[in-house]
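Below, each structure is written out as C-alpha cells.
Below, chain A partners chain B and then partners chain C, in two separate complexes.
This part shows the complex of A and B:
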C-alpha cells in the first residue's frame, strides 16, 4: 500500500511538472497556422491590427511590462513597510487584525478590483497606464505583504537579540539584520507579485483603455498581452486566432522567465546570507 | 486487490454516468484483463485515468445538443429566445446558441462545426462560398454620446475627423473646452467592421482613447464619461435609453437613429443580420427561419430593437 501511495504521489508530481511544457506545446500547436505560413517575422512589428494582417506583439509586450513594472514599483515599498510594521511595531492584537485583513483583500476576486477602478480611479485618471498600474498595485500589495511577513518571521529571533545586545537601534536591526537575512524570501515575494501583475487580465481590461500603442505618458491608454486575449479570443479565427495563441505563449514565457530568475536570485542569496551575517 | 476494486468501480462509473452508451468497449476490457494484471501499478493508474477521461469526453459528445448555432453576439440574444420557444414546442430538438463574433459564425458554418452561423455584417465574396445566407433582420449602428452633452447630430465628416484624431476637442462640436474620449471596438467585432466600411477607414488610422469589447461595455463607458463618443448597435442603445441610462443617440447626416429610419433604409449606418447554413438549410434550420418570418418572430425582433424583414 505505501508503495502504491508513493507511486500515486510521484505520478501526480510528474503531472504537475509536465503541465507547463504541455500547455506550451498546446499553444505552439494551435499557433501553427500562423507560424506555418511563414508569418513569424510579422510578430516583431510595432503594430497590432489583426484585421489588416498586422500581428506585431511589441506594443502588447511593452504594455504588459510597463503596467506590471509600475505596479510593482508602487506595491513593493507599501507592502514591505506594512510587513515590517506588522512584524516589529504592531502589538499582537493589531498584528492579527492587520494580517487578517490583508488575507481578506488578497483573496478578493480581480473583478472587484476592476469595478473599484472603473468607478473610482478611471474618472480621475482616465482609462490609462496609471489607472492600470494603480489597480494592479492594489491587487498585489496584500499578497506581497503576506509573503514578505512570512519571510521576516523566518529570521531567527536570536540574530535580532544579538543586534539589540550590541546596542543597535531598532531601525538598524530591522534594516541591516532582518531585511538582509530575509532578502531571498522578499525577492521571491516580489517575483510572485510581478507574475500575478503580468498575468492579470480582467481587472486591467476594465481600466487600461486597451489601445494597442506605445504609451507616451502615464495618462495614455495601454493594452497588455492578457487583455488582448480577453477582448479578442472569442472573436478570432484563422491567422488571428493563431497569433492570439502566440500571445498566450508570450505570457507563459515571460512568467516562466521571471520564476526562473527568482529561483536563481533566491538561491544565490540563501547561500550568501549566513556568511554576510 | 487494489486493482480489482478499482476496476469494478470504473465499470460502475461507466454505467451510471453514461446510461445510453451500451457497455462500450466491454470486449476490449475482457481481452485486456491478463494484461492489466501484469501491468505495473503506475502504468495501470495512468491507463485507467486516461480511459476515464476518454469516457467523460465521449459521454459529453453523446449527450450533446443536436443543433448548434454560433456567431455574432448581436444576433445571439434573438436566436436564444427563438430557439427557447421552438424547444418549448418540440422538446425533442435541443438548440445551443453561442456568441463568438460574425467571423466565427462564418467559419463554424463552413467547417460544419455548427449547424448554423450568425453574422451581423455583409459577407465578403470569398466567405459566401458553400453557404446559404438568409437575412432575417435589419439593424443600425448609431453614434452615441453622454446625455448631458448638448449635441444632437453629427455628420459623416465629423465622425471621420473625430476618429482619425483631426477633431479632438468638444469645443469644435459646440461643447465645452475638453478633449473627446474616442471609444472604439475591439478587433473581430462586426460593429467595428460596419463602422470602418461605412466611413472608409482602416482600423490602424483610428486614434482611439479606449477600446471596448462588447456593446454593454461601450454603454458603461460612454455613460460614465461625459466626454466620450462611441458607436454601437441601435437596438442595444435604445434599450439602454429605456433603462434611463444617460446615453444619447446622435442623428447621423440629418437622419435620426430610430427603428423606423432603419426599416425604410434612410439611416446611413445600417446593416443586415444573417443566418448562415452549410449547403442547404435542413428542417430545423428552416423552422428557425420560418419562425423569424412569422408575426411572433417579428414581434420578438422588434422587442430586441431590430427591424424584421417583411415578406421573407
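This part shows the complex of A and C:
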C-alpha cells in the first residue's frame, strides 16, 4: 500500500508549506545574540556603525522607505497609464505584443536593471537616492503594469458598454467606471510593487552609494536594510550578526505583511505571480 | 484650461515605457556583443580565471539551477498532495497553506540568502559552494513551484476528484493518475517559472555560492552564476564593464528563452 509513500510525500510537502514561517523563526532565533543582551533599544538610534557596536536601524529604515516610496511614486502613474493604454487604446494585436514584452521584462533578472543603472543613471545622478529610486521604478513598472492590466480586465465588459450607451466619453468611462471598479485590484498591485521594491537588494546596492545616513537631498547616497546585508554578511559576528538577522527579519515581516494585504485588498483581482520574478 | 486628455497621457506613458525598455535591451545587445567580440579576440591576454569567466558562470548557472529544480520538485509535489488532501478535509488549513506559499514566494531573496549563509554555509560547513547555493535556492523556488502546481489543480473541475474517489480509485492514484496528468501544462509552467527564478536570482546566491569566477570542479566548489557574475563585474572589477555586458547579454538571452516558453505554456494551458 502506498501509505508510507503518501506520508513521506506529505512530509516533503511540509518543507515548502512551512518555508515562510520557518525562515522567520530561524531569523528570529539568530537575532537573539542581540535581543537577548538587552540591546534592543540600541536599534532605535540614528547611527549604524557595527564596528563600534552601534546598530541604529533608523538610517537604514529611512533609506528603504525613501527609495521604495519614491520608486512607487514614479512607477504607479506610468505603469497605470500604460495598463490603461493596453486595455483600452491599443487594439488587440498591439495589446498582445505589449503584454508579451512586459512579461519578458518583468521576468528579467534585477541585476540587469542594476547594470543599466550603473552605466546610464549613476553617471548622471551619482550613486544616490534618485538613482536607486529610478532603478527600482524601472524594475517594478512591468510587473505592476501587468497586475494593473489584470485588474482592469476583470471589470465587466457590460458595465463599460452601459457607460458608453449613456453617452459618456471613453475617457470618462475609463476614469469613472473602469478605474473605480478595478480600484481594489490596483491598490493590491501597488502594494505588491512596494513589497518587491523593499526586498530588492543588489540592484539597489549597485547604484545607491550605500552610506548609512539620512539623505538630505535626492542626490545624497543612501543605505537600505537589504543592501546592508549584502555588504556586511561575510564578516559579521556576535551582536553584529544578530543585528543583520534582525534586519532580514524586518524585511521579511514587512514584505509578508504587504503581500497579505495585497491579497486581501485585491480579493479575486490579484493572483500570485503573473510575472516570473 | 483642461487637463490633457487621458488618451494622450496613456499613449505617452506607453511610448515612454516602450522607449525606455527598448533602450535597455539595445544597450545590452550592442554593448554585450561588443564585449563578447572584445574578450574573444586573442590580443587580450587576461588571466585564465577571468578568461573562463562567462563559461564557468554558465556551468555554475546550469549546475545550481538543475540541482535546485531536482530538490524542489519532490517537495513541491508533496506540497501539492498535502494541499489537495488538507483542502478536501479541512478547507481552512488548505487556505492557510496556500497563503503560506504565497508569502514564501514573495519573501525577499536576500533574507533567504542570509538563512542559507548561516545554515548551509556555516552550520553545515558547506561554505561558499554550488551545493549551498542550490539548497538555498530551492528554499526559495519550492514554494513557488508548489503554488503553481496547486493553482493548476485548483483550476480543475471540483467534481473530478470526487467522481474518481466515488468510483473507488484510491486517493493516491487519483492524485498521480488523474489530477496531475490533467493539469500537465500548469505543472510544466510551475517548473519553468522556477527555472526562470533560478537563472535570474542574485541576492540569495551571492551569499551562498559566492562570486568566484573559477571553473567549478565539484558541487563543493564556489561558483558565480551568470547573474552574480554580472553583478560582480559591474560592481567590483575595475574596467569590468565590457565583460559585465557580455555576461548580461547571455543572461538576458537565457532568461528571455525561459520567459517565452513560459508564456507559450500559459497560453496553451486551460484557463
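Assume the second predicted complex is superposed on the first by the 241 of 277 C-alpha atoms of A that agree within 3 Å, B and C clash if a C-alpha of one lies under 4 Å from a C-alpha of the other, contacts with A are read in each partner's own complex, and residues count from 1 in each chain.
Operating definition for what follows: contacts are C-beta pairs under 8 Å (C-beta built on N, C-alpha and C of every residue); 3 or more make two chains touch, one makes a residue touch a chain.
Model, not experiment: these values are computed from the prediction.
Peer 1: Regarding the shared-chain residue A:51, is it in contact with chain B (first), chain C (second), both, or neither?
Peer 2: A:51 sits against chain B, while chain C stays out of touch.
Peer 1: Which one hits more chain A residues, chain B or chain C?
Peer 2: With both complexes superposed on chain A, more residues of chain A are touched by C.
Peer 1: Based on the superposed arrangement, let me know which partner A:209 touches: chain B (first), chain C (second), both, or neither?
Peer 2: Only chain B is touched by A:209; chain C is not.
Peer 1: A:221 contacts which: chain B (first), chain C (second), both, neither?
Peer 2: Only chain B is touched by A:221; chain C is not.
Peer 1: If we overlay the two complexes on their shared chain A, which of chain B and chain C does A:127 touch? Say first, second, both or neither.
Peer 2: first
Peer 1: Now for A:10: first (chain B), second (chain C), both, or neither, which partner does it touch?
Peer 2: both
Peer 1: Which of the two partners, first being chain B and second being chain C, lies in contact with A:32: first, second, both, or neither?
Peer 2: neither
Peer 1: For A:232, is the partner it touches chain B (first), chain C (second), both, or none of the two (neither)?
Peer 2: first
Peer 1: Between chain B and chain C, which residues of chain A are contacted by each of them?
Peer 2: 8, 10-11, 118-119, 205, 230
Peer 1: Okay, in this complex, where on chain B does chain A touch?
Peer 2: Residue list for chain B touching chain A: 2, 41-42, 45-46, 99-101, 103-104, 106-107, 181, 184, 186-189, 192-193, 196, 202-204, 208-213, 220-221, 224-225.
Peer 1: Can you list the chain A residues touching chain C in their complex?
Peer 2: It comes out as residues 2, 5-6, 8-21, 23, 26-27, 30, 77-79, 81-82, 84-86, 88-90, 98, 100-101, 103-105, 107-116, 118-120, 138, 141-142, 145, 170-171, 174-175, 192, 195-196, 198-202, 205-206, 226, 229-230, 233, 241, 244-245, 248-249, 251-252, 255-256, 259-260, 263, 271-273, 276-277.
Peer 1: Of all residues in chain A, which touch chain B in the complex?
Peer 2: 1, 3-4, 7-8, 10-11, 47, 49-52, 54, 118-119, 122-123, 126-127, 205, 209-212, 221, 223, 230-232, 234-238, 240
Peer 1: Enumerate the contact residues on chain C facing chain A in the complex.
Peer 2: It is residues 5-7, 9-14, 16-18, 20-21, 24, 27-28, 72, 74-83, 85, 97, 99-115, 117-119, 139, 142-148, 151, 170-172, 193, 196-197, 199-203, 206-207, 227-228, 230-231, 234-235, 241, 244-245, 248, 251-252, 255-256, 258-260, 262-263 of chain C that touch chain A.
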